[in-house]
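First chain written, first letter: the chains are A, B and C, and each begins at residue 1.
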Amino acid sequence: MPIVIDHLSHTYFDGGMGSLSAVEDLSLTIHEGKFLAIMGHTGCGKTTLVQHLNGLLLPSSGRVLVDGLDTTDKKQRSTIRSLVGMVFQYPEYQLFADTVKEDIAFGPRNMKLSIEEVNLRVSRAMAMVGLSYDSFADKSPFELSGGEKRRAALAGILAMEPKYLVLDEPMAGLDPQGRRQILQMLEELRQSTGCAIIMVSHSMEDVARHADRILVMKAGKQMYLDTPQSVFAHAEELSKMNLSLPAACRVAALLRQKGVDVPLDICTREDLEAYLMGRLKP
Amino acid sequence: MIEFRNVHFQYEGEDAPALQGIDLVVPDGSFLAIVGHNGSGKSTLSKHINGLLLPTEGQVLVDGLDTKEEKNLLSIRQQVGMVFQNPDNQLVTTIVEEDVAFGPENLGVAPKEIRRRVDDALQKVGMSAYAGSAAHKLSGGQKQRVAIAGMLAMEPKILVLDEATAMLDSQGRQELLQTVYDLHQRNGMTVVMITQYMEEAVMADRLVVMSGGKLVMDGTPVDVFSRGKELCDLGLDVPEIVRIRDDLIESGICLPNFILTDSQLAEALCPLL
Amino acid sequence: MDITLGQFIPGNSCIHRLDPRTKIWLMLAYILMVFLVKSMVLFVLPLVYVLLALKLGHIHLSYFFKAIKPIRVLLVFMFLLNLFVTPGETVLFSWRFIVVTREGLRQALFISLRLVLLMTGASLMTLTTSPIALTDGLERMLSPLKAIHFPAHELAMMMTIALRFIPTLMEEADKIKKAQLARGADFESGNLIARAKAMIPILIPLFVSAFRRADELAMAMESRCYHGGEGRTKLHQLRFTRGDLWAALVTAAFLLVIILVQALVPGLV
């Protein structure tokens, strides 16, 4: 069963002086095992939207159903939170325990799992993010390097073995290799467990390459919801919104401006290269 | 001019040195980008430029002034404006214009002159409209531009950006880079930009790559990005445009190898199509 | 999450333009007024005074209620405590062990009114005075004490930074709380000890982050040539103007009236 967002609106009240609509009448179904990317400006409502997926925020109107469970139902909240894992921006800033393994165990323990199961999940999650159990489990999380901290924090969510994984800019602040590792890990996770990925990102090349669908938000509303090819075909509108485009897409747009008849559905390097090779080397 | 002379540095309690024999000269008016993986020492290097860190061995000279001399520090710091990664942790006061005034206030500049500099600096970064705003309510990109204004108000010759775009969204990043580029072009500001993003390094006229506390590559962006394999081994990357360029060249399409930006690539492709 | 105390609303009213030192002195005079008033009727005077200032400062009345909000529990508690505990003779109401006397009611009303008035006054000052102006004012007022090595500048700088970082740290606390909630943390059930323990996953990251921020801020300040208060100049020079004189005169008049009326008309309710 999917996550169904049904006519969701969320309004913040500004101390009685007025109200601010952060998400307006948004409907969306997030399917199991798929990769959904969410794009938009700071303040477009994407953070508000994702915090509805596990009931951290509740709708002002409309509904959010996670596998049929309503997020407003208090009794279902802990089930929902174990189904939907959420990785905040800079998750390493939430680390708190004495050792890495204790920190990773925090989530599974809150799920009231048996000790054996908790331990099993901790070691599985560490393997998944590429932190060796022997060398890291008993270390203090505060002794790790920046990239290792990020992976330890990710493991803390993965150990809950969620069915849907929400990530807010998981690659922010990492070097190219760190970014590659995280993306690769997410792909492996999706293939091995069928976990759905919902990722807020500004990294357009990665989004174009990995996402099944992209949701573009503007002022709390859905602007586009489609495959990367179809969304990036709106190159001009996206640029007007000051969103950046994948490099291949930018080159295609520039060529189009120069009067070359480039197809609209080019959004990755491979797309562009295949098209150019077809034209230049028949 | 910034001069690093055989600079070594080791953090207390760490086994490995963070900098190992850095020799580097940055002439006035140049735009230098420094890239390197996490922990390569690039941030440590930047903190040597204004004496926040002092070499355990060797010398750093800014306009001939040694950072090790306590009495030089104020004038070095006045000349070197430094913008850090986290926009929230470098604004000192609540109101934008008061924050921009912080530097000149510390330098003992006369109030009238501070006023002029604050207005001028805010105008240069395009933030005049926010002079009276609360700093914590601005977006990340706006905060970073205010931070730059805070530096400009000290009238420095050198601007050091220590991963200043890392925490910004794409729009904030664009705004900040444009601001820096304009300052370099119009006002002849010397820029040292430390970054994780290869696309940003393209803007510079010189690119230095760091790894393990050493300078391992040094050249124009065109030179450095022609060594894609080596960069990849160092945990880095080439800009997406360069990768497309190289793929096409490899497949036998005739393209000049100095292409670094999307407009250059489009320009070169257009006559072929 | 919003606290009114310590939140400045930029503006250019005559109250905003007063010298911060004047405002600090007026605040002291106002506190004196509130505590001097010993009769219910005379409470009108400080009330009129503070409402007048709100009006002149273009501060919307809703901020007045926002100012009261954080202390409402305290307010109710103080009211009830004084209502029941104050000894008195004229019984107004009694039921089983609950006895309300005229003296108790009077005392309870006095305390609550004072609290509300003080809170409003303090909010008014922070709403119309930028934190840096306030700290500048304090620094200037305390600077004669530098002769006896009182750290006036350091104190003022600490206040400036604290005020700047309150909203940032509040946001951060909210974010960390949400992140731990998402990991199934439970802050609402269990006894007091269990709840206090449940706060650890919020408090530790918050402290770590506060130290990291402090470290980075110190570097940023050093980079901007900060080297203590010596030789520092200010963007905004403090200068007393005609407005300050008027404000002082009006305040003195209010204070005088209260003192005189209290002395001359002893039997006021």
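Operating definition for what follows: a residue touches a chain if its C-beta (ideal position, glycine included) is under 8 Å from a C-beta of that chain, and two chains touch if they have at least 3 such contacts.
Treat the numbers as computed from the prediction; the structure is a model and nothing was measured.
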Practice problem: Could you tell me which shape the graph of touching chains takes: line, ring, star, complete or other? | Solution: complete
Practice problem: Using the touch rule from the top, work out which pair, A-B or A-C, shares more C-beta pairs. | Solution: A-B
Practice problem: Express in whole angstrom the distance between the two chain centres, defined as the mean CA positions of chain A and chain C. | Solution: 42
Self-check item: Centroid spacing, where centroids are CA-atom means, of chain A and chain B in whole angstrom
Solution: 29
Exercise. Provide the list of chain A residues touching at least two other chains, using ranges where the numbers run on.
Key: none
Exercise. Under the touch definition given earlier, write down the residues of chain C that touch chain A in their complex.
Key: 2, 60, 62, 66, 172, 175-176, 178-186, 200-201, 204-205, 208-209
Quiz item: Given the complex with chain C, which residues does chain A contribute to the contact?
Solution: 15-17, 51, 54, 56, 78, 81-82, 84-86, 88, 91, 93-96, 106-107, 110-111, 142, 156-157, 160
Practice problem: In the complex, go through chain A and note every residue touching chain B. | Solution: 41-43, 145-147, 172-178, 202, 204-205, 242-244, 246-248, 250-251, 254-255, 258, 260, 269, 272-273, 276-277, 279-281
Quiz item: So in the complex, which bits of chain C are touching chain B?
Solution: 8, 10, 130-132, 160-161, 163-164, 167-168, 212-213, 216-217, 219-227, 231-237
Quiz item: What part of chain B is in contact with chain A in the complex they form?
Solution: 36-39, 85, 139-140, 163, 166-167, 169-172, 174, 196, 198, 235-237, 239-241, 243-244, 247-248, 251-253, 262-263, 265-266, 269-270, 272-273
